[in-house]
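Structure first, commentary second.
Naming follows writing order (A, B, C and D), and every chain is counted from residue 1.
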Amino acid sequence: MTDYNQDEFLICAVARLLDGVSHVAVGNASPVPGSAALMMREVTQGALRVSMIAGDANNPFTDGGRELFDCAGQGRIEAFFLGGAQIDGQANLNLVGTGEYPHVTKRFPGSFGSAYMYFVVPKVILFRPEHTRRVFVPKVDFISAPGTSAPGVYRPGGPYALVTELCIMMFDKNKKRFTLVSVHPGRTVEEVRDNTGFEFDAPKKVPVTRKPEPERLQLLRAKIGREIAKTYPEFAKRVFGAAV
Amino acid sequence: MAFFKDPDALVQDVPNGALLVLPPDYSLVPMAAVRALVRKRITDLHLLFTPIGGLAGDILIGAGCVKTLEAAALSLGEAGPAPRFSDAAQSGAIAIKDSTCPAIHSALQASEKGVPFMPLRGVIGSDVLANRPDWKVIDDPFDPEGGPILLLPAIKPDVALFHAPLADSEGNVWIGKRRELVTMAHASKETLVTVERIQRPSLLDDPTMAAGTLPAMYVSGIAEAKGGCWPLGLPGHYTANLNAIREYALQAKTQAGFDAWLQRNVIDDQGQMAQQQ
Amino acid sequence: MAFFKDPDALVQDVPNGALLVLPPDYSLVPMAAVRALVRKRITDLHLLFTPIGGLAGDILIGAGCVKTLEAAALSLGEAGPAPRFSDAAQSGAIAIKDSTCPAIHSALQASEKGVPFMPLRGVIGSDVLANRPDWKVIDDPFDPEGGPILLLPAIKPDVALFHAPLADSEGNVWIGKRRELVTMAHASKETLVTVERIQRPSLLDDPTMAAGTLPAMYVSGIAEAKGGCWPLGLPGHYTANLNAIREYALQAKTQAGFDAWLQRNVIDDQGQMAQQQ
Amino acid sequence: MTDYNQDEFLICAVARLLDGVSHVAVGNASPVPGSAALMMREVTQGALRVSMIAGDANNPFTDGGRELFDCAGQGRIEAFFLGGAQIDGQANLNLVGTGEYPHVTKRFPGSFGSAYMYFVVPKVILFRPEHTRRVFVPKVDFISAPGTSAPGVYRPGGPYALVTELCIMMFDKNKKRFTLVSVHPGRTVEEVRDNTGFEFDAPKKVPVTRKPEPERLQLLRAKIGREIAKTYPEFAKRVFGAAV
């Protein structure tokens, strides 16, 4: 039980960020956040409500594609996950393209609901495993969703934390900066700095991200693998293998 | 309301240059009808997705049917980026109105409700907004501090097109919980639907079915098309064929590869592709 | 989400002065729960109908539970005018915010969508508008001529209350095609529901039922109440008892007659009235 | 077949106003307009679409109470029926109360959807059998829905005709006045004037309203009675009696 793979590690890291949350929604193509959410639902004995958008399993929505956004606008969704082809130090997200829009050099799928969810969901967790200077840039080429807003703009929501393959950062809305709070086992602060294109704060001594809790790892393999397989069968097979 | 013999007949009168709205890949995508649009060599479409596009969009773009695209995103999901869309965006071959999911839902609801615009929270400060001269930000008249709020003009598509599991002989269509299709139909001038099958009894006579039924008054034309979502899935009927989609993603990496794929799977196919499921 | 043993327990924590929203008489009116509200002697309610009221409203007004009423109309339908409402309006005993049907639907949709207001066509030039200082008319920013358009502030009820045929053990509630109930629940802080029965299997696991299901995340409390709409009807279960409603209309012509009716049918009744159906 | 009752006469009078209409919606408590609509659906072999709001029969709406209004706002409803406790010569409707609002001397149920439908439905037929000076007043005490609007106000809809127990009037939007177009058999123009509190135009010679067409009367009794009984059983029993 002390052995774990990268996905299991990240699932447990994300799960801790959901501590105390009452309702988390999980968007499309989010197997790791989805597994973390389903695990925390189990850990909290259902005190955490999980609403998956993808597929029919654990998907409570019955009012069409708009319901996720309406629900978030009503203030009923406390946590959500976003990513970004580029993310900068002010937590601006680019999901559209690099280069000078509209003349993009590399086009990505598009902003999805980020330009809205980032404003209305209190705890948006940025999940972006690839930790490189290609992703974490000084300034995004296109702001799909801004990390912060001017005073007077309605904004109950925004960035909460960032989880990558190297570390966890938390976002400070007042300072408009990320703070490195832990580096994953075997990684170093230097490695994080080398691979991050923006400045961030860090304590003098940066803790190591906790390894997966054994009882959670067990739960994950025994039960959550089967549950996430309903939405992401290939992911479940790859990560939890024979256990599913 | 008229019944047509097949998807090709159903879409025959969709004009070049139409504003066409399609469902997202998680809903009921009319792939058979989209192939029929390609076969009729439709051009200059203004293509709108409610709110994100996938395979259908990439095929229409690759086949040169699209002039402008409005969507919150376009991708092949698990099969990766949409290659023809990416190329067209990078080359500037199509004009793109980048949006965000709730903006498209709200703009269609504006047409549904017969109002000229709808407000939306968020979006302010984004480059999505900066690149939409058709959107307006006003001071919220109900906010004592007059904070800004975004107004989205109503979008009224010429044609809504989707696939559904079931219709009845009156032209009512069962869409289940896929209510974005209801709003698409309410908002559009014409609604064309392919269905797995057509039953005689009215869907409205069964209170359980009525709850998920789009009434015939919003439906212009219906054609039966078994496997009409294929290679995408129709929940409860068939699952997506991921291999076929991955094969497409691979072939369509180049325009030449896409052209060959299109010839084989759409042009030569004459509507038979779906039967392969 | 909690289950309660009966309608009286369900509504016990609805506070005096709450903004309470109820369905129209053609929908699923929670008569048993309304009688429970009267029995707990609730006062100072701000009562909103989506969008028109009937028997439930007249009883709450007659019983002195209501401070303000917002509705597009209130009547007993085929049984004629609502006597306690008419009297209260004529004496000024309650304050009335006269509205019009789509204005209430739209104001609830504003809360549903988390926006501060919604536009609406029409209404301009009416005395409905002239008497609503909370409504605003602006120049339409999308109209080149700047024609006027009405903006309605969002209404966010404290409590939505209705009856439904069926719930499941997870707290999902089947409302069929009565989608004004969905919007009421989406828009409200709390939603309390009485149901004919509660089943174990999840409504969401059945795609046909899911289409007419309000998910549990919007539901605060559920209590079983067989005949919960009675003497109004529940389509597919029981029809309205027109004689009972006409009898009410007759008795309630005077406050004394109403008081006697109330004592007999609500206070002494302790929730048994519905069983008479 | 030359005998007919008052309701049958009014049904046939209303039906003629639906000539050429493609979609009529019928609100609550409207058995006569509803019968007229259902009869014309039969006469036109379904070219007239009829959407009833009351009950489940002939009621196609599945999107909740808002759908009627959304549908009208989309321009899909060509004709609708309204009434009024008071109606004045500019076709203003009062469904709220007499006296000085809010201090009403007599309160009526309320404006329902009139303040909206009157603006967006092209042919609103005012159906108000009681033809008295109590109803047809010089000026309504409360405008639930105005008969006309200032230039610049979005108004594709408005009053089309008025049917009473005495006569039929058509409304002229430009002149903002009613014109008497026919008086019912046995009634006179003087009777109409005596019982109308507002001025209206009239041709020198006012025609008599056509009696029910025999084939329509037969259709009504043979078939429509049964159909309207699904929505208004007591009305159907009273008007069509044993035939239903």
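Keep this in mind: a residue touches a chain if its C-beta (ideal position, glycine included) is under 8 Å from a C-beta of that chain, and two chains touch if they have at least 3 such contacts.
Not measured: the values here are computed from a predicted model.
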**OP:** Could you tell me which pair, C-D or B-D, is linked by more C-beta pairs in contact?
**Re:** C-D
**OP:** Please work out the Cα centroid separation of subunit A and subunit D, and write it as a whole number of Å.
**Re:** 59
**OP:** Please compute the C-alpha centroid of subunit B, do the same for subunit D, then give the distance between them in whole Å.
**Re:** 40
Original post:
Cα centroid separation between subunit B and subunit C, in whole Å?
Top reply: 36
Subject >> Cα-centroid distance, subunit C relative to subunit D, in whole angstrom >> reply: 28
Original post:
If you look at subunit D, which of its residues touch at least two other chains?
Top reply: 56, 61-63, 66, 69-70, 73, 120
Subject >> subunit B: positions in contact with at least two other chains >> reply: 106, 113-115, 120-121, 149, 177, 182, 207, 210-211, 213, 235
Subject >> Chain contact topology (line, ring, star, complete or other) >> reply: other
Original post:
Among all the chains shown, which pairs meet the touch rule set out at the top?
Top reply: A-B, A-C, B-C, B-D, C-D
**OP:** Spell out the part of subunit B that touches subunit A in their complex, as residue ranges.
**Re:** 24, 26-27, 50-52, 71-75, 77-78, 81-82, 85-86, 89-90, 92, 95-96, 98-103, 105-106, 109, 120-131, 145-149, 177-183, 235
Original post:
Once bound in the complex, which stretches of subunit C touch subunit B?
Top reply: 106, 113-121, 136, 138, 140-143, 149, 151, 153, 175-177, 207-213, 235-236
Subject >> Touching residues (chain side subunit D, partner subunit C) in the complex >> reply: 28-29, 53-54, 56, 61-66, 68-70, 73, 95-97, 101-120, 142-146, 149-150, 152-154, 234
Original post:
Any idea which subunit A residues touch subunit C in the complex?
Top reply: 23, 49, 51, 56, 59-63, 66, 69-76, 120
Original post:
Which residues of subunit C touch subunit A in the complex?
Top reply: 111-115, 172, 182, 186-187, 204, 207, 210-211, 213-218
